[in-house]
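Provided herewith is a single structure, encoded as structure tokens, for subsequent inquiry.
Each chain gets a letter, A, B, C, D, E and F, in the order it is written, and its residues are counted from 1.
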Amino acid sequence: MGDAPLTHLDESGAAHMVDVSAKADSVREATAEGHVAMAAATLDAILAGDAAKGDVIGTARLAGIMAAKKTSDLIPLCHPLPIAKVTVEIEPASGGLDVRAAVRVTGKTGVEMEALTAVSIACLTIYDMAKALDKAMEIKDIRLLSKTGGKSGEWRRPDAAADKR
Amino acid sequence: MGDAPLTHLDESGAAHMVDVSAKADSVREATAEGHVAMAAATLDAILAGDAAKGDVIGTARLAGIMAAKKTSDLIPLCHPLPIAKVTVEIEPASGGLDVRAAVRVTGKTGVEMEALTAVSIACLTIYDMAKALDKAMEIKDIRLLSKTGGKSGEWRRPDAAADKR
Amino acid sequence: MGDAPLTHLDESGAAHMVDVSAKADSVREATAEGHVAMAAATLDAILAGDAAKGDVIGTARLAGIMAAKKTSDLIPLCHPLPIAKVTVEIEPASGGLDVRAAVRVTGKTGVEMEALTAVSIACLTIYDMAKALDKAMEIKDIRLLSKTGGKSGEWRRPDAAADKR
Amino acid sequence: MGDAPLTHLDESGAAHMVDVSAKADSVREATAEGHVAMAAATLDAILAGDAAKGDVIGTARLAGIMAAKKTSDLIPLCHPLPIAKVTVEIEPASGGLDVRAAVRVTGKTGVEMEALTAVSIACLTIYDMAKALDKAMEIKDIRLLSKTGGKSGEWRRPDAAADKR
Amino acid sequence: MGDAPLTHLDESGAAHMVDVSAKADSVREATAEGHVAMAAATLDAILAGDAAKGDVIGTARLAGIMAAKKTSDLIPLCHPLPIAKVTVEIEPASGGLDVRAAVRVTGKTGVEMEALTAVSIACLTIYDMAKALDKAMEIKDIRLLSKTGGKSGEWRRPDAAADKR
Amino acid sequence: MGDAPLTHLDESGAAHMVDVSAKADSVREATAEGHVAMAAATLDAILAGDAAKGDVIGTARLAGIMAAKKTSDLIPLCHPLPIAKVTVEIEPASGGLDVRAAVRVTGKTGVEMEALTAVSIACLTIYDMAKALDKAMEIKDIRLLSKTGGKSGEWRRPDAAADKR
């Protein structure tokens, strides 16, 4: 953590959209992850359905991809970006499903929010599709794994666990 | 957790939107919560800004309210609903900010997803506005606290912690 | 003007969406108007094009109708409503074009914002389509003319001018 | 005012989206303003609320910023643009609130409509949040102040009043 | 075909949104179909992929369901409706894929456009996902099969072919 | 038709958004067409209305133009693109109305889907505006006519009929 000012607040403290017009277009990528924790029986039901038809996981993946494209409509001060790639992967992990997203753009600002939004909406979609079985599911540990490109360069989450996944 | 089928999957396993046309209109409410964990200095910066101008927290609150209205556009199998009320509250809690949302509707289906979506987008907005300071923030423990109304009636999260908040 | 509190601010002053769940569904209507002031030559060009093909005015009318349906997506604390009717009328008036909209709904809250949004976006569309000719056009006097229905009942703008139009 | 044709009408008079593919990418900026006229007591109520919590003005500012990003979805023949900056400023002025927006892009066409849309939606949001107090408020004098960049170069509103603000 | 007036044109011929405020809420349903014609090898590729993972067809189904919810945003004079059910079925048929949608609502106007929009966007999505193989695919014979409910009652397409499917 | 893989399916068969970040920006264009078949009396009614006011055809044209801008929101794996031009032409042809769209962009991927989406939504709008007269109308033969630009270069539909139009 640095001591940079809160870049979305102007001098008087009012929220604004940061000016990126002077930044260079460059290839930028971000990856993020999250987890939906659920009862074992819920996970079994999803995976059984999934083995046969792939629908819970397939629907959540698509919802995440489509949400990445809506990021600037959802997050008030995000810039609209011509996203070049989105992938969302969902797989079983201890006590639930892991969700991971990667987003790439050639643009003037990074795609961290797009990756985090894709993960969040994919997790919410999993919740929606399984909530008749299990309302107590929790969405946990949504976090940025890495970002590359742009003036501030590369950032990687220091956690070993995140690295080795 | 019950043994209800996954209601979004039809007999052949393909995803579909559940038919709610035969359900009665009734007042339904849902509450949900989440947490953004961050470094102490990040929280201080947000609260200092907030004390003076209210903008990080105010922006995130509005983003959550507006996102609740977009839920059916984000979650593929959610029904569009004429939402009657949304509140989003954000306050400091151990190591970060707690976010809580309440949504109410008079309609044929519940608003759990609207409450969870409001919380998720409010959390993402906090991340966005403070990420220049702290990219390692994590969004944690997004979960339903309660739902009331409709045929399935009342549900409350069993956790003591959730109850006492 | 009364001394009602600002209903969008809760006790602590934070913005919220007013709870309308306890309100009765009733037929509610609102009408609003606005004006785009422009150079005489600009108006002539629009009307000449319009006489032949109707496009500036026709496009602005449609843009206004479509915008009424987006009101709750644009105005942060507006409720989504199942709009039952929108009309937008545009006609030449002293030094420009008058725009008037009427919106009707059967719902729990009024459609003042839908009517005002329809007028505003129709005016902006006129500006957009004629701005190559005249960047100095001004959008003026957007205001509510009347509202009917709901618990607060009927309201009519006191101006004689508005009444007699 | 010049004698340029109405660029959104093709030879047969039907509306179309002007081809900008041959234009060069350049930095373009536009500024616009508007005003919400209201009773003195309404302004007092807004400013009192604002002094304590900032919500009416803060909400309207955000609504304007977010609306700038939706311009091409609202104005039928506007091009979608990767907006690089939006600011919206709102301050008390004689008999109401002045709203001013500035938008910047690196792109093939100007952002006049984005600036005017930001102003219009910010004004409508002020109306929405104070309408319980005062339905007679009027939105007035929405107009372009300046544009820079692009082949047609700089344009500034000739009014002295606008210049000196 | 009857001799009803074009209900979207008012007396002066300008397009408007038909007033449905006086109509009763009733359960209304519509079904529609369409077809994507393609080379045999394209169909084989889709089905082979589909047998393994279900993605082309699964993606197109979801796109159709989500598009039904956007109908009033796409078709200028359509009313927004609280859709209660959408299903989209896609299956191989002579020389391509048949798409069929059913939409149900409890509301004041019918859902023919929602069903036709679901079919159209599902067909476009199939095209998108297979266009690297076959740009010559054609989307054919999008048509209403039936509508029920509302004052005008039941309508069924007279074609024997449509009936027997 | 070639033997290219289905580019939207990754190795495991799950749908993803193709990475275009390494592609060069170039001017790309696509044209597409479709047809709405209708009873002669329906066509007469549309054209009579159109002769006087232009509204059915004018509304459908605008709906097509606006829909082209929403393509990436409708088609799950489409990239958002800064569209530079859209035209939609509608004219009477044997037994109905022909719809043709042309879309141009300077970007990293083609605009085939934008052109096909513009045609589809224009056809649906024609259906919507005339369905009170004729529910049996059919939307037929939506297809790509040509694409130019990009690495894969030019493609033209082999049909003589399409060429000579």
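Just so it is clear, contacts are C-beta pairs under 8 Å (C-beta built on N, C-alpha and C of every residue); 3 or more make two chains touch, one makes a residue touch a chain.
Keep in mind the model is a prediction, meaning the values are calculated, not measured.
Peer 1: Please find the path from chain B to chain D through touching chains that uses the fewest steps, and give that number.
Peer 2: So the least number of steps between the two chains is 1.
Peer 1: Under the document's definition of touching, what chains do chain C and chain D have as common neighbours?
Peer 2: Chains that touch both chain C and chain D, as defined above, are B, F.
Peer 1: Need the most distant chain from chain D, centre defined as the mean of C-alpha atoms.
Peer 2: Relative to chain D, the chain whose C-alpha centre sits farthest away is E.
Peer 1: I want to compare two interfaces, A-B and C-E. Which one has more contacting C-beta pairs?
Peer 2: A-B
Peer 1: Out of C-D, B-C or A-E, find the interface that copies B-D, where copy means more than half of the contact pairs are identical.
Peer 2: Same contacts by residue number as B-D, out of C-D, B-C or A-E: A-E.
Peer 1: Can you give the whole-Å distance between the Cα centres of chain A and chain C?
Peer 2: 38
Peer 1: Let me have the rounded angstrom distance from the C-alpha centre of chain C over to the C-alpha centre of chain F, please.
Peer 2: Taking the average C-alpha coordinate of chain C and of chain F, the gap between them is 32 Å.
Peer 1: Can you list every residue of chain D that touches 2 or more other chains, as numbers and ranges?
Peer 2: In chain D, residues 14-15, 53, 55, 58-59, 62, 66, 70, 73, 76-77, 80-82 touch at least two other chains, as defined above.
Peer 1: Go ahead and list every pair of chains that touch.
Peer 2: The set of touching chain pairs is A-B, A-D, A-E, A-F, B-C, B-D, B-E, C-D, C-E, C-F, D-F, E-F.
Peer 1: Spell out the residues on chain E that touch chain C in their complex, using ranges where they run on.
Peer 2: Listed in rising order, the residues of chain E that touch chain C are 10, 14-21, 72-73, 76-77, 79-82, 107-108.
Peer 1: Under the definition above, what is the set of chain D residues touching chain C in their complex?
Peer 2: Of all residues in chain D, those touching chain C are 1-9, 12-15, 34, 39, 41-42, 45-46, 49, 52-53, 55-56, 58-59, 62-63, 67, 70, 73-78, 112-113, 116-117, 120-121, 123-125, 127-144, 147, 155, 157-158.
Peer 1: Which of the residues in chain C come into contact with chain E in the complex?
Peer 2: For this pair, the touching residues of chain C are 27, 58, 61-62, 65-66, 69-70, 80-89, 104-106.
Peer 1: Which positions of chain D touch chain B when the two form their complex?
Peer 2: Counting only chain D, the residues touching chain B are 53-55, 58-59, 62, 66.
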